[in-house]
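As written, the chain order gives the labels A, B, C, D and E, with residue 1 at the start of each chain.
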Amino acid sequence: MAVDFEPRIVGFLCNWCSYAGADMAGTARICYPSNIRIIRVPCSARIDPLLVVKAFQLGADGVLVAGCHPGDCHYTEGNYYSRRRFAMLHPFLEYLGIERERFWLQWVSASEGKKFSQVVSTFTDGLIKLGPRKAVTVQ
Amino acid sequence: MARIGVFICHCGTNIAGTVDINGVVEAAKQMPMVVHAAENKYNCSEPGQALIRDAIVEHRLNRVVIAACSPRMHENTFRKTVAAAGLNPYLLEIANLREHCSWVHGDGKEAATIKAMELIRMAVAKVARHEQLFPKQVPLTKRALIIGGGISGIQAALDIANAGHKVVLVEREPTIGGRMAQLDKTFPTLDCSSCILTPKMVEVAQHPNITLLTSAEVKEVKGFVGNFEVSILQKTRKVDHTKCTGCGICWQKCPEKAPSEFDVGMGKRTSIYIPFPQAVPPKPVIDTSSCRYYKYLRFMEEKKEGKPPPQCRVCEKLCPVNAIDWEQKDEILTEKFGAIIVATGYKPFDPTIYSELGFGRHPDVITGLQLERMMSASGPASGEVTRPSTGEHPKDVVFLTCVGSRDEQRGRTYCSKVCCMYIAKHAIMLKEHDPEVQCYVFYMDVRTVSKDYEEFYKRAQESGTIYIRGKVSQIRQEDGKLIVRGEDTLLGEMVEIPADMVVLAIGMEHNPGAVELAQALKVSYDVNELFIEAHPKLRPVETMSDGVFVAGACVGPRDIPESVASGGAAAAKVAVLFSQDFLTTDPMVAVIDQMKCGGCLLCTKVCPFKAIDTQVLRDGRTVAVVNESLCKGCGLCVAACRFGAPNLRGFTQQQLLAEVTSLWQ
Amino acid sequence: MVRSFPTRKLIHQSQLGVVDFESEDTWICATCRACVARCPRGVAIIDIMKALRSVVVGMGAGHVPDSLRVTLKNIAGTGNPLGEAAEKRTDWAKDLEVKTFTKGTEILYFSCCIPAYDPNIKRVARATASLLNKAGVSFGIIGARESCCGESVRKAGNESLFQTLAQSNISAFSENGVTKVVVSSPHCYHTFKNEYPELGSNIEVVHFTQYLAELIREGRLKPTRETNLKVTYHDPCYLGRHNSVYDEPREILRSIPGLDLVEMVDHRENSLCCGGGGSRIWQETKKGERLSDLRLDQAVATGASVLATACPYCMLNFEDSILTSDRSDVIKLKEISELVLEAL
Amino acid sequence: MSAAMDQTAQIRQKARELLENKVVDCVIGYERATDGVNARPLFVYEPEEADRLIFDQTCTHNLTRYLLNRKGKPTAIVVKPCDSRAINLLLNESQLQREKIHIIGVVCPGVVERQWRQASAKLLNACQVCQQHVPVIYDVLVGELPSEPTVAEHYPDVVEMEAKSAEERQVFWKEQFSRCIRCYACRQACPGCYCPECFAERLDPLWVGIRIAPGENEVWNTIRAFHLAGRCIGCYQCEQVCPVDIPLSLLNRKLEKEVLGLFNFQAGMDAETSPPFSTFKKEEKLGIGE
Amino acid sequence: MSQFISKQHLLSWLGQLMENRHLVAPARVDGLILFKEVGRVEDIVFDYENTTLSPKEWFFPKTETLFYVERKDGKVELLPPEIEKETVIFGIRPCDARGITILDLPYLADPADTFYRQHREKTAMVGLSCLTACPECFCESMGSGPQDTAGLDIMLTEVKDGYLVEILTEKGKSLLSEGLLSTADLPKPKAPKTAAVPSEGVVQKMRQAFDSAYWSRVADRCIHCNVCAYVCPTCYCFDVRDYTDKGRTERVRSWESCQSPGFTKIAGGHDPRANKGARMRQRFGHKLLYFPEQFGPLHCVGCGRCVRSCPVNIDIREIIEDVQKMGAPK
């Protein structure tokens, strides 16, 4: 397994909680691997499953979706819907051959800077262990 | 064609310390549609902003990417900078090189620089697809609705009215005044409650800007901040208040007596009544459950055998202006408002569930409010405190604190804040009424939280009240005396006190109907069914639903000073809202392409703010349309829709997809 | 005036870590749950008492009261507190045709050690068994394989003995394919229902009063004999306050024709403890400090001629109080199943 | 075959009756195809044409597709149990008005695989595990109620696919999707796919290009199936019409199994229950994000 | 006396071809028979009626990059792709070969489609005549036949343990070296009879039936699934779009069909052929009216694939019969 394999990770963070949590990790100077590229969305419910599938099609090694803890959503109900949507997408992607460890949904609140960095590090380590996406050649 | 300018910030050494700024600037120059890239010591500083403004003019930029700190920090600052240079403030995107890159990847400078370049590439890809956005102006109805006529509601109504705006005050009871009207004296100054309250009540009645609707309830609330449409149920009083002059003949001559809710069971009132002498409006209502004429009507309706009860109708005969109107029906009024203040107050806790204390079984066990009514000069006993069982003056009075407060077993975990103080007040006043009275207080902690409260508590102790630290386990009736058995934890022994009267310091509880009102106003409520403020410390009188404010004890236990203060604060917020002629709405809201909408209306079902309505097109198709004033811009409908009809301005599908694909360009 | 028991002192001492394990206070608590039911802060006082005792028993910090130490040794040895031979556990059922439990029998009757061995409490087990026979219920007992439920052992702080007793009982139940057990003692009921599931047992647990009420409701048992007795019912703490079973016993008593049920001044959730819970039954209580004496006074004060209850430990204590205050002619002590048997 | 015979007779009689007294302006049913073996959809406008209607084990098509944006007078339609669930789906998504459809429900013992010119006896794999032999919604019922055969495992094929390793599954789906020629027949045959402009035809944002290649095929097939999550009523017409025989039902049934497991919801059982993605429960544990 | 090649020689010949050419032949894929580039001779299927998809995709590929535009140091460069290796398609049925000749008319007419021409030049077709005819084959009525050699380079006809060989073109000659051939005086087996379809004068009848309500009646059951166009050996419509990736713009051409919803959508969103009847008439109009008027022969070779594949059984033979029966326009 390539020792210098650097997974490419796309992170969708909700503006009110997880993006603020990531900021908190910044202000607290808590380091974590730099593979993740963060995209800000107003709410975790804004993330269209098409975006996740498109990211994997373009070659992402992992996609992380982060939102507010259920009950804390700035829009009161957003994360309830995203929880249902991704609870369906996750097993479906796995069924299509994208391993479980490649798609994560995590609740990170605005004060959980530490937790955000842990989530990113564990996620990145898992992907490094898993190795790059297998390029399956088809006649 | 987009002409994008990228401004990379050093942020002192915060970013420059880790990221190779020059390398990033060069990389930015190669990116598609970027015509200008520059670095800046401090983008957010005045010289930094000046540099950006000049560059916009000089290079005719129509899109700007600021690569600096978190957008949550300076998005608005840079929007103003860009606007100052004549560009639409929304043609801006911020790449977070500090919190998300330099500060967290200090250990890998090279990787951090590559990440910085890619973050900028994403921002450039997104900003290339930004369109100009313009906040909308929505007209504003400068009328305020205040629900609840207690002291907070009265204070808010007066403040708003004095600020020159129209106010409608809706009160469920026949009179305003709320709980405070039931009190005799108020701590810590011991000034008479009705003396300080009734003038304000009269002021409300006479204020030209205030319309008073008593015996009325809010049923349904539609619309949004600035344009609420509220339907109010005006319950029938069977008395025409436009004719009635409040002369009082009817309630003096009415033969039927019924227990007075206002006196909490300590006194009686007539069927046609005003709750208390200083009631505002001083006009009576008929209680149809106890009125003899209605008993006759019900008897006739059920066609029972036997002699029908008398018809009575004395009040109708005696009324000089025949204001009695049996045909009066409930009616629904629909009114338009710009802001709503909820001041529905609290309900005293009903201590019957404490079976061991014997409330309801032993007549001499009463609540603090009942004692208040006895002590009140205008009360049923006109100020004379007597034992309900024998009518004599009580010599030994035992007070119990925290009845229905700070108790997990009964689901009331919070402290009701006012009981310790009103017990001290009762102790002092009982001593003044009758020097031989000996008061005992069983307490867990005595909480004296505001100005002059501790001194007031000391005064109560000095007046001879014995404070026993411990809880009462049982109250038994033994030959005419109430044996109060409890533990004195400081002595470490059980004590039993024979008492003439026991007063339970009942706490505060949500008002029934609070949940239905909260749901109607789309305001959240907590496990104790108390309203939840937008932010407990920073926005105590606002709620998550714009244009709806809260004041007084409906949010949590509050004493009179706090209730008045929060009433005033809510009024100030309304005044601020009404100070502008128009409401500007946030332009980053959803918009639906009606050509692509398939009419399945899933978005109308999922929208948390009910901001999506339906519309029938000319060709008969039913499609969804966004009410831009209600939409909060969460984007839930965009991801839920299979047709891809809705799009969220500022976070469109095109922009997010561009950000994702830019990582593999 | 019963000695005032310094609960708060003990709690605060354990907070500060300065508990005097030598003092007798650690062993006073009868775990009657009146305090836990009332504590506004939801403090688990019984668990704290249990923990203090387990420090004494487990680490030998203090000394266990002698009578309790003997009883614990008996239970460890012979599986019952009285030290009787395990085989003799079913002697009480000798002349009654009581089947031993086999696979397929509907319910297991778990009598508890006291009704099985104690001479004058045997009548409870016998009355219950005859009632089950009369109602034609398919039931059996597993005799020697069964040992003490261990509820009082755990409350005495001997956690390891409790674990062994529980494991042996659970395996006895599973070996015999027991799915439903009817118990006479609220203490067995409490530990089978709330504590055994932690060790993996998932059988259905029913107290005898609940089962009897069902039998009467279904008409499989019809108390017809007219009895003009004035009866007052004592709510055992582990049936009432611990597991909120209040109504079934009263329903049974009211179903007996002519029986006049009167309530004591403290009843249902405010009932006064007989002082037998939390392994107190195995310890000496000085005269004048016995709660059962106070409770007996309250029973007599109702003018009832019969004190009914539904717990073997309460029976022992009241039997003792009636004798020591020689009021056996003023008031009789009857278990619920005895009253029903007499009224059939 | 006698049961099928009298079902055909009843349908013809019902259709003639409806057309004669102008209750409907058209009856949609089945007629014999030109290979003399299989069936094909038939639109009957005149009472005389009613005798061309047939119903037997070869009537596999889901006719509810034709009800979408039909204008004018009500339409009658012959509906098998799985098709009836499609009507409930479309009613729930306000695509049909109940009063505009007259449903002739047919008790269905299961239909056979469609092979040109050969009468195949092999039941569709959906019919082999079908637990619903009576339509969930109808105005009139044709055929008597058989006893419900209980089927233990409703998703044997999905469970078998789930048992495979991630690697095997990835290779399997890559091969299947590489055959896809993006003719979108699966979309055109599905009653649940009525989007005015399908996401695959969208230029901006460009989700799927027109290049018929593994990368684009994968996005198309994944999202087509996901847009049916909690909506697919199990008629599997997509698999029937696919010219290159991609096992599309394996995709839909995986989502069906997940929706049943997580939300205990089956699409199309009635028109009122709100589908899983249109509602939520605050405390539900869905095994993600914990 | 006709030339003959034994089965073994044929297989070894095909093995030789594989070394320096792409050999495309019918192969079994998950229960389907499709033309595929075969790596091993054993994969080739000989006993089949016809492939599901027609061989046209080797001349008019499903998807093809027309050219790339790249920005190199300021200059914009146009890079057309090259097709290097030659291809041999083995096992083409006469109707498909006829189909390719029909495709030649629009593609090779001036201005010729350079990609198609390159494919045509670099691809040789080895035909396999039909010994049996399926009921839905009607190639003879459409100007082709079970032994029609139009468009083929070499025609093989199966006989006992070998094949009669007819070398038809120079390209065919260069492919098949004499050595492998021998002579045999076996008679050519009789061509199987195919169902007749009244195709005479169908062009005039189609022009008359243009405004008839028949089209919307037939189109009722059509679900517009494009399968007929994609399996048809003669349909040649396509769609062209540009995509940029990593700074390089690519013009891509892919199959498209007149039945798909957006086919005739014009700027502004209007679709002149929005209703089903119009789209149905467009397909059969092109087959039986517009193409013959413009290029001469009917635009259908009677291979029967659309009849087999159409899920709702819209049968071109039935349409032709109905149109013929139609009297003068109302």
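What we mean here is this: a contact is a pair of C-beta atoms (placed from the backbone, for glycine too) under 8 Å apart; a residue touches a chain by one contact, two chains touch by 3 or more.
These numbers come from a predicted model, not from an experiment.
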In terms of CA centres, which chain lies closest to the overall middle? A
Counting C-beta pairs in contact for A-B and for B-D, the higher total belongs to A-B
As a quick test, compute the distance in whole Å between the mean CA positions of chain B and chain D. 51
Measure off the straight-line distance from the CA centroid of chain C to the CA centroid of chain D, and report it in whole Å. 64
Roughly how many whole angstrom separate the Cα centroids of chain A and chain C? 57
Using the average of all C-alpha atoms in each chain as its centre, how far is it in Å between chain A and chain D? 35
So which bits of chain A are touching at least two other chains? 49-50, 54, 77, 81, 85, 139
Of all residues in chain D, which are in touch with two or more distinct other chains? 197, 199, 206-207, 277
Chain E-touching residues of chain B, taken from the complex the two chains share: 32, 595, 664-665
Residues of chain E defined as touching chain B within the complex: 245-247, 269
Touching residues (chain side chain B, partner chain C) in the complex: 355-356, 402, 406-409, 444, 471, 473-474, 476, 487, 489, 492-494
Of all residues in chain E, those that touch chain D in their complex: 29-32, 34, 52-53, 62-63, 134-136, 217, 220-221, 223-227, 229-231, 239, 241, 243, 252, 254-257, 260-262, 307-309, 311-313, 315, 317-318
Touching chain B in the complex: which residues of chain C? 4, 6, 8-9, 37-42, 265, 269-270
